[in-house]
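Below, subunit A partners subunit B and then partners subunit C, in two separate complexes.
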Partner chain A sequence: MSPRPGFVLDVDKSTPPILFWRGEELSLEKLPTGSRVIYPPEALPAIKNPREAIAHALDNPIGDSKPLSELLFAGMKLTIAFDDISLPLPPMQSPDNRQLVIEEVLSRAAAAGVDDVVLIAALALHRRMTDAELRHALGDRVFDSFAPYGLLLQHDAEDPENIVKLGETDHGETVDMNKRAAESDLLVYVNINLVPMDGGHKSVATGLASYESIKFHHNVKTMRHSKSFMDMHNSELHTSNWRMGRFIRENGPKIFQIETTLNTNTFPSQFRFLERREWEWNLADRISYHTTALSMSKSTIDMKRNILHSIKSPHAMTSVQAGEVEAVHELTLKNVFKQQLVTVEGQTDIVTMGLPYIGPYNVNSIMNPILVACLSLGYFFNMYKNRPVVRKDGVAIIFHTTDWAFHPVHHPSYIDFFEQVLSETNNPLEIEKNYEESFARDPWYIHLYRTSHAYHGVHPFYMWYWASHAMEHLSQVIIVGGNPKAVHRLGFKSASTFNDAMEMAEDRVGRDPTITHLHMPPLLMAEVI
Partner chain B sequence: MVKSITGRKDQKTFADSLKRVLYKPTWPTTIDKPMAKEKLGTDYDTEWSRKKPVRVLRAMLIDNVVKPSAYMLARPKVSGAEYLSTIDTPVIFASNHASHLDTSVIIASLPLKFRHHIAVAAASDYFFDTKLKAFIWAFAFASIPIERNKVNRKSSDLAVELIRDGWSLLIFPEGGRTPDGWGQEFKSGTAYLAQKTMVPIVPIHISGTRKVMAKGSRRVAPGKTEIRFGNPIQPIPVSEQENESSRSSAAAENRNIRLLTTTLEENVAQLFDEANNDWWSSLRQDRSEQVANLRGPEVASWRRNWELPEANQKKQNSIAFDTDKLKSLSWWENEYAKKQIDKITLRLKALKRKI
Partner chain C sequence: MKSLQVELNLARFASTKLINSFSGKSGFMPASPLLLKDTELPPKPGQNWYRIKPILSGICGSDLATVRGETSGYFYRIVSFPFTLGHEIVGIVQDGDLAGQRVVIESVLNCGTRAIEPMCEHCKNGDIQLCENITFGHIHPGLQIGFCKDTGGGWAEELWAHQSQIYPIPEGMGDEDAVMVEPTACGIHAAFSAGIREDDDVVILGAGTIGLTTLAAVKDYLNPKSITITAKYPIQQSAALLIGADIIVKPSELLRSVRRTTNSMAVAPEASIPSVLMEKLLGKGEKTRQDNKELGGASTPKRTTDISPRGLVGRLTKGADVVIDCIGNASSISQALAAVKPGGKIVLAGMPGDVKVDLAPLWQREISLVGAYGYGRELLGDEHTSTFSLAIDLVEREGLGRLVSAKYPLSRYKEAIAHANNAGARESIKIVFSNE
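Right after this comes the complex of A and B.
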């Protein structure tokens, strides 16, 4: 049976309670009659032989590019950059797409007699990956071949000796780049496209850049003009990245881009109820849901995190394309939309979303309150094309425990941002103007970013900017089941139940509002017509 | 009516007649009984071992006995098994062969989808020479008898049939365990089967099992082993042009089998190289050199033994500190290392005194 497309369910009396994620917990909520639930399309079939598909893509590139083998020659300098731990979510079961692709690239490089090869994790301002995370993403073979010899690097955006300035775009944007990548005869970029925001020129222009470069598109103005940043043709974030990418094409190294897409097979079989429609749950699904929900509610927070973060997703590759960046990305987007796009008629007064335990910036970590804001108002809210699912001045009701908890190693600057900045103001523009520079230049955060596993000092600001478009668009944000103090610090309202939240929203959207629930994950992209 | 010697009348009842019909007549002791013809070797019928109830029992045996004991004895470090998840057809696993333990360790390391649906090609002259042995091997590993040195029609037909039925196959293309730890020339049977069925061959390199249980040794010494699965090798189809005439088609098939055998051996040799160095450098090595390295130097037996990687490892272990590494350290790292060496030396001396 071919996979069913996504659809919008109109809730009636006989609709069973709908599954909501609440961070590390789950619940079933009865939605009022007349509400809508947007379900993602079912997982597309995976490529039968991914290795063969990769080989085919490398030998038959698209756009203005020669086959990879023709670009490789003995004595050349080859750099392979790849996406970091933020992709995919949850981390996929071995073999990871990056491993399969990089092995194929290296096999060709070996056949061509290339000796000088360096691998770089394109971190941008993200935290450095641990050895175990790198090993998982690249596989034993690649890791053991390069890491012990210092040939597996992680991009350091704060290393003045290893960052070169390529120049400025016609809009005055500084284009910085990793020195090794910039001086290579060929830069191969290996990407995993989980959401339409990833990939394209953003891979190199952001992933291998410095703060000086990234600040030109990671700012409040750009984010507020990205409607949404998941739709590159209407995203200022992408426009700026594309300008930089084209500048690199003219003035930087030759780039061979390899992009892969995944299906929405997000959870292993024991959690398959998470991907099924509630009225189709069989006995095994119901048992599985109740035991999972019960054990999660009875476990300590550390146990819950340990269990959930050990989940490896059975994501499978649905497409692979290689060649010139823009041509490759165009095809990638088509494939991502084929998997994730759902057509939705009209906007809604209230959008509800249950946030899962994981987002791009808390893999093997803690989802702190700032990341809750980013995942809900940044990522989930922006998963639209044309116009947001919720109308202007509508309300977002978010389900998450929003604990006042931070990972001290991964998110040190987040702690200070939460304590010092958000206690003063929630206004993104004010925050950007008054605080960004001091956090970004703080030598302690820079030291932790470079030597430990910490996100850059400026990263919590970007998370806040990520949510700025939604904050401007919505009249109220309510978090159900969150820590009231933490929710208050974020500038949102706290409710203990869904009914309370509905009552609180009444003065903004009236007594009889329309409600739409985003049934994620698995991920979906709403095309609102 | 017959009168007996005792004069009593011999009354023949119906039951007596029935007995005589039903029971075999007894064999006169004065006449030699001909030996019963037992179907052993390649004639042994293993079909019973692939019936559902036997498969369930075997799965229980493998998961609950074979796997735990293999892991306890051999502690295998498995790499490359993740590649198997991308294959959805039956495959032929082809490995170098150093010990009887290889079969158990390899099967124990396979992902579930292959572990319970695999047959092992076992030498008919060794594993199927008595009824008991044949039963044990057929039951425990779904073994099928094959001839070591030639392609036997009956056993190859059976193997082909099994693969077409969805069974994977484990074959040791060297035809037997290594006598001295080095690899032996690969025989063409594996490639022949792959070419016939067009299923991929997964090369495997296994090391360390010889130390746990060597050929001819009854001693089992628990130790560490390493299994590396390589990328699947696809057989080469005969082109349409060649297929047109039966003569050139047969020649092309033979050529492909030879080519596939060479590729398989090269791939196992590359895995061997990878185990001793790393994957990237193994990729750039000359293939024929790697094969030569797998087979070992063509010198006197003691020197072959001397050159064994396992022996080298022992030699390296006996050298406590790598002096070259020390040279590349910065001065304070060097100082620290020296202090550590002094500490260990002192402790060793104290230990010796105690002894």
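Right after this comes the complex of A and C.
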């Protein structure tokens, strides 16, 4: 039976309560009659033989590119860059797409007699991965062949000796890059394209760049003009990255882009209910839900995090394409949309969303309040084409516990951003103007980024900018079940229950608003017509 | 007359201290050494002493420590029992050539007030707070009015003040402003004791009365590069903002804030020797990175234990030039030691007691720890000026009378003390007694 497409449910009296994530917890919420629930398409079938598909993609590149084998030669300098811990979500069961692709690339390199090969995790300004995380992404064979010899690197955007400036775009944007990658005869970039924002020229132009370059597109103006940043043709973020990417094409190393897509088979079988439509839950699903919800509500927060972050997703590869960056990415987007796109008629007054325990920047970590804002107003809000799901001056109601909690190793500058910046102002433009530079240049954050496992000092600013389009678009943001002090610090309203939130929203959207719930994860992209 | 007196009653002191140690400073203890008495004004201490009827008299942190039985034993030899508390006083002169004059009282007792000739060197210079003779002369021991059995204190219907202690207040200055002159003088003296320069980063610990008056003094007279103040309660935060603090943080947020202000690196919180050994045994934190300089990775191998690997801030490598501690307990002194830069200065303005503090950083980082008690004179420009005169100006300029949150008659002293003990939590700053 072929997978069913995405679906917009009109809630009526017979509709059962709808599943909401609340961070590390779950709940069932009864939505008012007339509400809509957007469900993602069911998981597309996986490629039966991924290794074969990868080999085919490498040998049959698209766009203006020769097959990989023809680009490899003895004595060359080959660099393979790959996406970091932020992809996919949750981390996938072994073998990870990166492992499968890199093994295939390496076998061709070996066959061509290439012996100067270096792997680089394209961190951009993200935290360094642990050895265990690298091993999981790359597999034992690749890890053990490279890591012990210093050939498995993590991009260091703060190492001036290993960043080279390639020049400036015609818009005056600085383009710089990891020196090893820039000086290579061939740079192979291996992507996992979980959402439409991922991949394309952004992979190299952002993943292997420094703050000096990234700041030209990771800023409030760009993000407010990216409507949305998940729709590259309407995204200033992508326009800037594409200018940089084309500049790199002319002035940088030759790039062979490999992009892979995943299906929405997000959770292991014991959590199958998370991917099923509630009225289709059978007895086993109901028992599973209640058992999970109860045990989560009774566990300590550390236990909950440990359990949930140990989940490895059964995501499976649905496509792989290789060759020239733009041609590859165009096909990738088609495959991502094929899996995630849902047509939605008209906007809504209120959008509701339940945030899961994980986002791109808290893998094996804590979803702090700033990441709550980013996941909801940055990622979930922007999962649209054409128009946002919620109308201008509408309201977002978000379900999450929003604990006043931070991972001190991963997010040290987030703590200071929350305590020292958001206590002064929530305005993204003011924040950018008054604080960004000092956080970005802070020697302690730089030290921790380079030597520990900390996100760069400027990273919490980007999270805030990510949410800036939504903040401008919405008239109110309400978090249900959050720590009131933390929610207040974010500049949002806090509600104890969904009904309270609805009452609070009444001032903005009237007494009889339309409501639309984004039933994520698994991820969906709403095409609002 | 009615008078709130402290008697030397060891049982009351001991029981109050004991109860406080269990229950915290939540209210007024029934066994408190403070008692409302119906007494006579002590005999006139000598010529040039005037009878003063207090209008308002503030409740200070040192008064509260006395009432709670928490005062250091050090003070028992420099006070005389029974004494009437109250040294922050605005009142009206009742007799002599100054009769009817509204005045504030410079409460410090010194060679001048004690008629000691020749005066000690400090008093001769105007540094009366350093008087060597606070237990000598024709009046009983006592470092200030409010701690001397012969003078009485502000928490009464009348007291004695020496002519040299009397400062007429300007026309139009309200009583609330006037009662803030004495604590403001303390704040000014703390500020000037710090030797603050204009490019200094200054931290003030505590945003109670002394913290806020110190803030006003630092801001008005010294205006350094930055002033950070810790403020626990919303009302303290609002007041600090109005007075002009650059950065207002909760106490728990201080070190991270100072780290950012001073562009400092951070060192992880103190580790116990067993935990360090355990880390080494488990190999945590000792892991080195390959030198990937040639290959585009990090340029140098780093131990991850060297500088706060966990992103937690225990101490700073740099720090504030000056920390003025307006709290004076073990925790605040430790925090001051963590926040001040090597070679920096800590001024202890809050009254400390018998505290246990690790002074290793003071030794290793050559930190100066100085006290700032009371007031005398300050060097402003090229001239010395009496702190009290500066305080009168500053209070007027800043309208510090707005810090007075509540007034109580003497008869409601238990409520007043309970309120003052929990001022911040009850959205208050300065609590005063009123004879109005």
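The rule is short, and it goes like this: the second predicted complex is superposed on the first by the 529 of 529 C-alpha atoms of A that agree within 3 Å, B and C clash if a C-alpha of one lies under 4 Å from a C-alpha of the other, contacts with A are read in each partner's own complex, and residues count from 1 in each chain.
We take it that contacts are C-beta pairs under 8 Å (C-beta built on N, C-alpha and C of every residue); 3 or more make two chains touch, one makes a residue touch a chain.
Because the structure is predicted, anything quoted here is derived from the model rather than measured.
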Fit or clash between subunit C and subunit B when superposed on subunit A: fit
First, second, both or neither for A:Val142, with subunit B first and subunit C second: first
Contacts of A:Lys48 with subunit B and subunit C, given as first, second, both or neither: first
First, second, both or neither for A:Gln154, with subunit B first and subunit C second: second
Touching partner for A:Leu106 - first (subunit B), second (subunit C), both, neither: first
Touched partner set for A:Asn162, first subunit B, second subunit C, both or neither: second
Partner chain(s) touched by A:Pro95 [first = subunit B, second = subunit C, both, neither]: first
Of subunit C and subunit B, partner touching more subunit A residues: C
Subunit A as apex of subunit B and subunit C, Cα-centre angle in degrees (nearest 10): 120
Subunit B versus subunit C - smallest C-alpha distance in the overlay, whole Å: 11
Set of subunit A residues, in rising order, touched by both subunit B and subunit C: none
Subunit C - residues contacting subunit A, complex: 247, 249-250, 253, 256-257, 259-260, 263-266, 289-293, 295-299, 302, 304, 307-312
Residues of subunit A defined as touching subunit B within the complex: 48-51, 93-95, 99-100, 106-107, 110, 113, 115, 117, 139-142, 144-146, 148
Residues of subunit A defined as touching subunit C within the complex: 118, 120, 150-151, 153-156, 159, 161-162, 178-181, 407-412, 415-416, 419-420, 438, 442-444, 447-448, 450-452, 454
Residues of subunit B that touch subunit A when the two form their complex: 79-80, 82-83, 85-86, 88, 231, 274, 278-281, 283-284
